[in-house]
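Following are the structures in question.
Presented sequentially are two complexes of subunit A, the first with subunit B as partner and the second with subunit C.
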Partner chain A sequence: MSVLAQFAVNGIVAGSVYALIALGFALIFTASRVFHFAHGGVYTFSAFAGYTALVTLKLGIVAGFLAAIIVAALIGLIINILLYEPMKAGGVSPFVAMISSFGVLIIITHVTAMIWGSNPVVLSPGGQTTVYHFGSIYTTDAQLLIIGFAAVLAIALWIFFRHMRLGIAIRAMGNDSELAEVVGMPARRLRNISFIVGSGLVGISAMLIGLNVGIIDFNMGMDIILMATVAMIIGGLGNVGAAAGGGFVLGMIQNIAIWKIESKWQMALSFAILIVVLLFKPSGLFGEKRPATGL
Partner chain B sequence: MAAGEALLRLEALSKSFGGLQAVSDLSFEVRAGTITSLIGGNGAGKTTAFNLITGNLAPDAGHIYFRGARVDGLPPHKVARAGIARGFQELRLFNRLSARDNIEAAIPGQQGENIVRALIGGHALTEERDVTQARSSALLRDLTIEAHAESLAERLSYGQQKLLSLGRLLATEGELLLLDEPTSGLSPGMVEDFCARMRRLTDAGRTILLIEHNVEIVMRLSDWIIVMHQGGKIAEGKPDEVRGNVVVMHTYLGISS
Partner chain C sequence: MEYFVYIGTLIAIYATLTISLNLLVGYTGLISIAQAAIYGVGAYVTALLALHVTNDLLVSFALASIAGILVSLIVALPSLRLKNEYFLIATMGFQAIIFSLFMNLDITGGASGLYGIPHPALFGYTIRTSFEMFLLAVTLAIICYLLALRITRAPFGRLLRAVREDQTAVAALGKSVFRIKFSIFIFSAVFAAAAGTIYTYSLTAIDPVAFGLDESVFIITLVIVGGTGSLNGSVLAAAVLILLPEAFKFIAIPDAIAPQLRQVLYGLLLVFFTRYRRQGLIGEYRDVLK
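The block that comes next holds the complex of A and B.
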């Protein structure tokens, strides 16, 4: 039983991680209707930016997080301005934007390897990791940090989207950007803001995961962006809260399944969950009752 | 702007799509406080004229003046902020936002839209929210859909959605309202309600530029009528003056009543 409880704790940590990544990914999707795969590249690059501040320059943990957040926000903004906005203006289909985004993911991944090398590096604030015991369950300070960040950010974003002018404006724009402009919303600026905030979130996630795992490598964004995509689709497209919920469910199932299924099947299991959800609930577990066609 | 002065002026406006001349050398004025109607058969260029006015399309030639200042070349959101509010022929709402959020999204000049102010706004932002909510409540009440304020727009009935899209226009506080067939698909009772609302709006100082296929409504409601054909203006005048031509227009333009 205690083994299952430990897996459940691991599931909460992994679920929180996926929820955090999916939050930013879905925020950007809501505002711009782009499947922003390059988000995975932003994730990787910002983890290494944090590593440079924290480990190489020894500026401390806060500076590490700030470096990751700022670098992520900047790259996200630049990708939107240089890639997606011109495509949108030129009437390019979302599918082409998605493929281009995949290209940017690969470019950023390789640029990361060129700058920091292709070997994994250790991301640690130095000193000892504190391990907490709750009965027979173990957890670390990095894991508690992840759960805390995920909970706080999920609540903050929920308030932002439901009750704040800027959040409602971003939802309105995701719903119908032409109409948003006609009623006087600066659509372009709102999309830029979404990229800044969504990318900043992935900077936080990158540091949290890096600190939890202890090592980072140039390829780390590939798997995570696949998981974020799966999370967003099983949660429900175009709804940020649903994406976070999807991420949480995915992390829980993956980790509890380890109890009975070997961990090498985790990726296959994730896609099996995706297929089952799409077959029986095409709008996603927490999405509105309509098919997921809102591209 | 005083009633009777030209609020909007189009000067020799032209727009073509490939080989199709959608609007050619179109000039007219919309005087403040009036209901001015654009009529003409399908493909006469009425909706293209709307798209040019709102900045959704850029004219190939000609200029557009609003309150005496040029607005052609401005992006749509700046035209909207300048005071031109536009309704669409097909029902267009933020379907996945509540009725209230649809209205509030259109209320201009909110500091909460600025990311820095949104984060550190504090008390001023709370006050702004109260003002915005009071305004949206008043609009929803006037439109008789207050009971559905928190429902998603897509859950409302067709008539309620029409009312909500009018409410969204009014929320922009635009001085000039561009209405594209606002009564299409409505029951006779609701058509009457809409006509009365439009008249009340101009009485309250707004100006309406209307596209409408229903000739009876156009004749009854308009202060001024502009007849378009193949992208250009072929006649304009008061309803009585245009009515003199109406039989000809029936055969010539194929306007159905």
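The block that comes next holds the complex of A and C.
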């Protein structure tokens, strides 16, 4: 029984990790309708920026987080201004921007490897996290922070997009940018803000996750952005709260499945779930009843 | 000399892969990101056959193609029901699942892959030299090019383009959009798998990394850089993008960052062409990526 409980706790932690990445990813998707795969690159790069401030320059934990947040927000903003906005203005569909985004992901990932090397580096040497025991179940302060932060953010963003005028306006803009401009919304600025906030969030997530795992490496953004994509789709597209829910469900399933299925099949299992959801419930588990797919 | 033969073989393999994917992406508007997985299925089936059953080249081609067709059936049946982004993501899902099978099954040798693959035999003659393999790769690329040319110029080719431009109109004419898409998917898979056969026999060792998501994105990059809907463009892009990083070897770039620089270059090309030149180097259909 306690084994299952430990799996469930691990599931909550993993689910919160996916939820954190999916939140920023979904925020950006809601505002711009772009599958911003480069988000995975921003995640990696900001973790290394935090590493430089925290470990190399020994500026302390606050500076580490600040470096990660600022660098992430800047890169996200630059990608939107230099790539997505001109494409949108040129009448190119978000679908092409999605393909472009793969290119940006590859560039950032390998530039990170060129700057910091292709070997993993230690972000948090042992002893920086405190381990808590609840009976036979254990967790750490970094994990509790991840769970708390993911929960607070998910609820805050859900309220913002459901019940606040600006949030509803941003969703409307995602559906039809031209119409939003016609009614006087500063669409460009709102999208820029969404990229700054969404990317800044991934900076915080990168540091939290990096501190929890202990080591970071240049390739880590690739897998995490795939999981965020799965989370966003199984949760429900165009809905930030649903994406977080999807991340949570994904993490739980992966970790409870370890009971019966070897962990090496986690990736395959996640994508199998994705395909089943795409086919049978394309609006996602928590999304609106509006099919996002056709034919 | 050996080096140039090797590069030439690689170019021929990638030209085959790029043409086969271009039929989906450029002509039919199906942006599939599972091409490397099907290529890998061809490669693994060939390697397993050669190691355990037979190294007969024609048998290898036949069984690799059949395996490629079967796997692409599994990929196509659900994915083809989805549109645009969702089609791409579904194929990406299958790419990840198939890669995971290469990586984790016992029979595929896990992360270290399969090695010590014997040379292939054609009508009892054993193909030993890399130059003969090069000729074989070029022959496959030429056959693929000519068949693709024939298909795209035939009435069926016009149907493909019609599907790309307006599916509803094609359906209104009483044609089955699904059947058209399905047929081209299968055709594309045969050549991707055959390219895998050549790859396995050329390298005599394979591992999963050559058939991952990065590789699928690379083949898409080749299609886009060459020009969606241009067969000549696909060949040109394969040649240019394989040769370009080789130039790094002749200028003073440290070995440690050369592979990274190569990826950065490919990423930059993908971004540049999707942003500034969506018709590719010599493509004509600007509207495929719209």
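As a convention for this text, the second predicted complex is superposed on the first by the 285 of 295 C-alpha atoms of A that agree within 3 Å, B and C clash if a C-alpha of one lies under 4 Å from a C-alpha of the other, contacts with A are read in each partner's own complex, and residues count from 1 in each chain.
Just so we're on the same page, contacts are C-beta pairs under 8 Å (C-beta built on N, C-alpha and C of every residue); 3 or more make two chains touch, one makes a residue touch a chain.
The model shown is predicted, which means the values in this text are computed figures rather than measured ones.
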Partner chain in contact with A:164 - subunit B first, subunit C second, else both or neither: first
When both partners are placed on the shared chain, which of subunit B and subunit C touches more of subunit A: C
Contacts of A:267 with subunit B and subunit C, given as first, second, both or neither: second
Which superposed partner A:185 touches (first subunit B, second subunit C, both, neither): first
Touching partner for A:102 - first (subunit B), second (subunit C), both, neither: second
Partner chain in contact with A:214 - subunit B first, subunit C second, else both or neither: neither
Touched partner set for A:176, first subunit B, second subunit C, both or neither: first
Which superposed partner A:60 touches (first subunit B, second subunit C, both, neither): neither
Partner chain(s) touched by A:148 [first = subunit B, second = subunit C, both, neither]: neither
Interface residues of subunit A shared between complexes with subunit B and subunit C: none
Partner subunit B, residues of subunit A touching it in the complex: 164-166, 168-169, 171-172, 175-176, 178-187, 193, 196, 238, 288
Partner subunit A, residues of subunit C touching it in the complex: 31, 78, 81-86, 88-90, 92-94, 96-97, 100-101, 103-104, 167, 177, 213-214, 217, 220-221, 224, 256-257, 260-261, 263-264, 266-271, 274-275, 278, 289-290
Interface residues, subunit B side, partner subunit A - complex: 54, 56, 75-77, 80-81, 85-86, 88, 92-97, 101-102, 104-106, 108, 110, 112-115, 118, 128-129, 132, 168, 171-172
For the subunit A and subunit C complex, residues of the former touching the latter: 35, 83, 86-87, 91-100, 102-107, 109-111, 113-114, 118, 222, 226, 229-230, 233, 264-265, 267-268, 271-272, 274-275, 278-279, 282, 292-295
